[in-house]
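Below you'll find a set of structures to go through.
Common to both upcoming complexes is chain A, partnered first by chain B, then by chain C.
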Partner chain A sequence: MYEFDYHHPDSVAAAIALRAGAADGSYLAGGMTLLPTLKQRLASPSDLIDLAGVTGLTGIEVTADRVTIGAMTRHAEVAASEQIKGSIPALAFLASQIGDTQVRNRGTLGGSVANSDPSADYPAAVIGLGATLQTDHRTIAAEDYFQDLFQTALEEGELIRSIAFPIPRRAAYRKFPNPASRYAVVGVFVAQFAAGVRVGVTGAGPCAFRPAEFEAALNQRLDPAALDDVVIDHDRFNSDMHASAEYRGNLLRVMARRAVADLLAQPA
Partner chain B sequence: MSDTGIGKSVKRREDIRFITGQGRYTDDITQPDQTMAVFLRSPHPRARIVSIDASAALEIPGVVGVYTGKDLSADKIGDIPCGWLVKSADGTDMLVASRPPLAVEWVNFVGETYGIVVAETLAAARAGAEAVVTEFEDLKAVATLADALGGPQIHANVPDNLCFHWELGDGAQTDAAFAAAAHVTTLELTNNRLIPNAMEPRAAVGIYDRSTEEFTLYTTSQNPHLERLILSAFVNLAPEHKLRVISPDVGGGFGSKIFVYPEETAVAWAAKQVGRPVKWTADRSEAFLSDAHGRDHITTAELAMDKDGVFLGFRVRTRANLGAYLSTFASSVPTYLYGTLLAGQYRTPAIHVAVDGVYTNTAPVDAYRGAGRPEATYVIERIVETAARELGVDPAELRRRNFIRPDQFPYQTPVALIYDTGDYEASLDKALKLVDYAGFPERRKASEARGKKRGIGLSCYIEACGLAPSQLAIQLGAGVGLYESGEVRVNPTASVTVFTGSHSHGQGHETTFAQIVSDRLGIPFENVEIVHGDTGRVEFGLGTYGSRSVAVGGSALMKATDKIIVKGKRIAAHMLDAKPEDVDFEEGIFAVRATNRKLTFGEVAFAAYVPANFPEDLEPGLSEKSFYDPKNFTFPAGTHIAEVEIDPETGVVTVAKFVAVDDFGEVINPMIVEGQVHGGIAQGIGQALLEHGVYDGMGQLVTGSFMDYCMPRADDLPNFIVDTTVTACTHNPLGVKGCGEAGAIGSPPAIINAVTDALGIRDIAMPASPERVWRAAQGL
Partner chain C sequence: MKVSLTVNERPVEADLPANTLLSDLIRGHLGLTGTHVGCDTSQCGACTVHLNGRAVKSCTILAAQAQGAAVTTIEGIGAPGNLHPMQAAFQDAHGLQCGFCTPGMIMAAIDLVQNAGPLDETKVREGLEGNLCRCTGYHNIVKAVLSAAERL
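So, the complex of A and B:
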């Protein structure tokens, strides 16, 4: 780890100001990606602005039509939340599948979504549910947020405060974990709303996305078999030693089918 | 019998300190005025070092010194040697590549050390290492085994990168067997490269005392005396009597800590240069890059049979990856620990094996849990299973037809070994019963009804343990004997301090050895202390590997304990006015036969140190030592059976059942043995399904962290069903054979036999990863 200045602000405004004043500052949320990167000396921020003490960034609020989760809320809290289990159980389940116990106790929703790792779980739900990100100065729709590999709509220094997830009628998440890292090789979030079915995919591509063909097929017939003949173009999918693009394409279909089956197993 | 005696599942006494954080590992050793070291490591798989400029590093506050290979050479520090000389089939010696502890001109794998930076703090040492400017001339590397023979020549003295071409067995006789065969099964196999990943990474603390000119090296070694011997005799670090090597608590080794490494050597040397203690602890990334890796073979095997499936001949051609340099025992692993095991449990009359050991631009490859024997077992048990399928014979039945029968021991195999005892059918029968072999078709149907594929696979393994009869080992090229030493020191108050040359790095010796000695002397288990891992306290030792500790180290302690009893009888006889031959010793009591005259062990021990009226020929004291040199290897054997269920849509393999029935001979502590078996199976399943050390085509390590290198975890494993059969080893006093490696040896072929059975295919490469299995299941 290289040396850096450490800051522990107590408000969003102070955090923003510190970030703006730093030569090459970085926010620290749960640190589950940033800290290993620092330890390996792969990053050398001048300033680390720890968000752990910032008020107003944590907490879960459920209204009639949405679940709003503070950006610094830990995965373990989302996984255990009775409120979320009662409104979007698939979201609590997704959080329970992230990393391991230690990661879930440290990692945060905002950190995961801000980082936009192509294999992270949360982005599948953010885009699958059509969530809205509230930052320090604006709102961003999920569709506009994920742009490319580790690239999002966040501007330099922009801070996610919370994310609001619309409550679907039913939803389900299935992931195929990397046997080593337990990141999603492919993760599929399927949500049924009054207006139709949405599908969010993580792991397969450079960032989370909605497979239009899957949504079209499922909006015609909400059944796992509806996905059997959908053509999957895996040319732009990720490929690594654990999974080729072709295999990811297969997993996308299999995980989607299983998610739909899980969704249909829930009361309508 | 007491509840802490031989055969009892005594809880491991060392675990109390391990699980409460009281273990004392090398990194816990902190010396006054200590400095920290960081190594300069090659980022290139193969390169020439053009220049190293440390001037900027030396300017960094806290940096104490920067040393390179040239500094070590100037101080006459020698190469790190390989301890086993293998000869090629043409009688020539293997070609040894020079391996200085810090590379001088050439670096040959990513992570190879070429310099050491010593500083006040770890942070300063890291900063110093980054400030060193090294110019490399990058050269094309040999990245894989497949590329080795035709690739660029790595070492000037090794044409074709061929270190040795070794053969064993009668080639002409084997050819004749094939000519007469009714059926031949052929299989091409890969044994995947593994990275050991002991829980504790390697570490060292070097100390130099100017007043006595003595070095002390704390390090994570499985055999501290061997480390001292090599550092003295070959590396020229210090004379043996001026070097003390201490291996305190060590958190796992699996073979990777047998060897003498550059880092430990350089740390000890640097302590003298800077005149202060120097500490280094590998981080996990360094461990991945620089610990000796395991396995990495490609093999063609052919099995010749008559019309009834009786094995006539076995021909094996293997290319073994040795990495960039020969590690301490590297050359013995794919030869004498591999080729000699190719008879397996079978009567195959003619066997011929040829092994090409080749250099590549990868980390050195050496012994890893099983060391050669997993590779041999994989070849045998995969081809036997395949042969059974080709012949349409039940795989258990084909094995039965070919087993060496109990009445055929001692059995001379065609590949040099003489098996002393065994009953292979007994283990097979028990395992078949435990797995409910007869019920498998029903279970397969049930799986198929759920859209899954189910398979079952057998593996009847044998291993040679208890390394080793010194005369034989030295004759075959070993640079040292492979006996063990033990000392039993009875204190005046009758507590006993035991010194063993074996080294515990997780095996539980402090418990097992105390069981042996306390049982034999009839004294409380608590009164026996086991000392190991310190050349300053233990006379000599050859350490722990090859499942040798109880068979060789335990036998040495038995011999020393027996000498205590002999001496005790002489003392008792004197005190009781009898002849020593009339004194019996049982359960801690010396008694004159057919009288009521007796003394406790405690009374005799006290008298030994308070010799009021000993005659001239009776020395005071009660302390004895012994060296035990085994007469033969021991031959643990057994049957492992795996049952797997496969999801054909994703390729995920679930191990549904795993049965291991092992014959380890007599067992000292069944609970510890069971734990060893569990750990071994976990590693074997890891090899078969999860673990893979991968270099890319350029020679960069792809699997350099746990993000990509998949260690087996509890939820990857079923509840193991383990049991034993017993044929006692015929040639050591305890009747034991050793249990440390069996799980890792027997299990991989059982798993792959089950996977190929489920999928109806001939072969699948290890690890049978989800994508590989999916492709096979889909016929892609």
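So, the complex of A and C:
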């Protein structure tokens, strides 16, 4: 690792001031992506601003229609939360499938979503449930948030405080994990709301997205077979040593069908 | 920068460069070389220790992030002649061959038994996804963990 100055502020205001005052500062959440990146010398921030001691960034709050999770809440807490299991069990399940035990004990919701890795799990739920991100100075709708490969609507120094997930009638998440990294080669989150079905996809494209053609088919008929004949345009899908774009297109259909089957197995 | 924490219930204070990893503090500064660094890329889990009771990869945490925390390493759970039940179970079930992954396996397995609820073979295998073993094929490791879960 290159050298850096380490800071551990106790408030959002102090964190933002430190970031603004740094030559090339970086927030440190759980560090499960950032630290390996630093160790490989793929980044060289002048300052690391650790958010672990910042008050007001953790916690889980469930109301009648939404689940709000603090950005520094760790995956293991979401996976184990009885409140979340009781309101959006698919979200707790998704968290239980991230990385491995040690990663889930450190990694955070905000860190994952701020980084927007194309294969991260949480973005599928953020966009699949139509979540709202609360940052230090505004709210951002999921649709406006994910923009391109590692590119989000976050401005320089903007900090996610919490994410609010609307509670669906039913939802399910299925992913095909890379056997080594446990990242989603493709992951699909399907949610049924009174207003219709939403689908969030991770792993397939440069960032999380909603496949309009899947949603249209499922809104006509909520059944795995409704996806059999939907044409998937994989032109812009990721292609790497793990999977070709065409294979990811196939996995997208397979994971979506399985997620719909899981959703239908739950009481309406 | 100055860091103070407890390691195996002993208070530790150190003045370290900010980019010092917790694994380097444990091995290099404290000489607790039971914690192994296998891959150094956050994959293998040999460096697993407990941070406030939960399994973490000490090669993927800055020492500074452990400020004020309670760290437990393999040296802190048992000793020759007074093995922790998980260590004894690994010995009894032949849950190791070369032994390199074993400290991490045992620390991860203790977290699993303490925090994951009732275990079966599938849950143990899922719970140890963050720990790689090149020798055993995991079979006896899983047996050891299930056996220890009954003793603990």
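By our rule, the second predicted complex is superposed on the first by the 268 of 268 C-alpha atoms of A that agree within 3 Å, B and C clash if a C-alpha of one lies under 4 Å from a C-alpha of the other, contacts with A are read in each partner's own complex, and residues count from 1 in each chain.
FYI, a residue touches a chain if its C-beta (ideal position, glycine included) is under 8 Å from a C-beta of that chain, and two chains touch if they have at least 3 such contacts.
In this text, all values refer to a predicted model and were calculated from it rather than measured experimentally.
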Once the shared chain is lined up, is A:Ala180 touching chain B (first), chain C (second), both, or neither of them? both
Give one of first, second, both or neither to describe whether A:Ala76 is in contact with chain B, with chain C, with both, or with none. second
For the overlaid complexes, name the partner, chain B or chain C, with more touching residues on chain A. C
Given the touch rule stated above, what does A:Ser244 touch, chain B (first), chain C (second), both, or neither? first
By the touch definition at the top of the document, which applies to A:Val254: first (chain B), second (chain C), both, or neither? first
Tell me the contact category for A:Tyr6 with respect to chain B and chain C: first, second, both or neither. second
Is A:Arg41 in contact with chain B, with chain C, with both, or with neither (first, second, both, neither)? first
From the superposed pair, tell me which chain A residues show up as contacts to chain B and also as contacts to chain C. 1, 3, 40, 180-181
Within the complex, chain C is touched by chain A residues 1-6, 8, 28, 31-32, 35-36, 38-40, 48, 50, 52, 76, 99-103, 105-106, 180-182
List the residues on chain B that touch chain A in their complex, please. 123, 126, 130, 285, 649-651, 690, 694, 702-703, 706-711, 716, 769-771, 774-775
Give the list of chain C residues in touch with chain A in this complex. 1, 17-19, 21, 40-43, 45, 48, 51, 54-57, 59-62, 64-65, 67, 108, 111-112, 127-131
Interfacial residue positions of chain A with respect to chain B in the complex: 1, 3, 40-41, 176, 179-181, 183, 241-244, 247, 250-251, 254
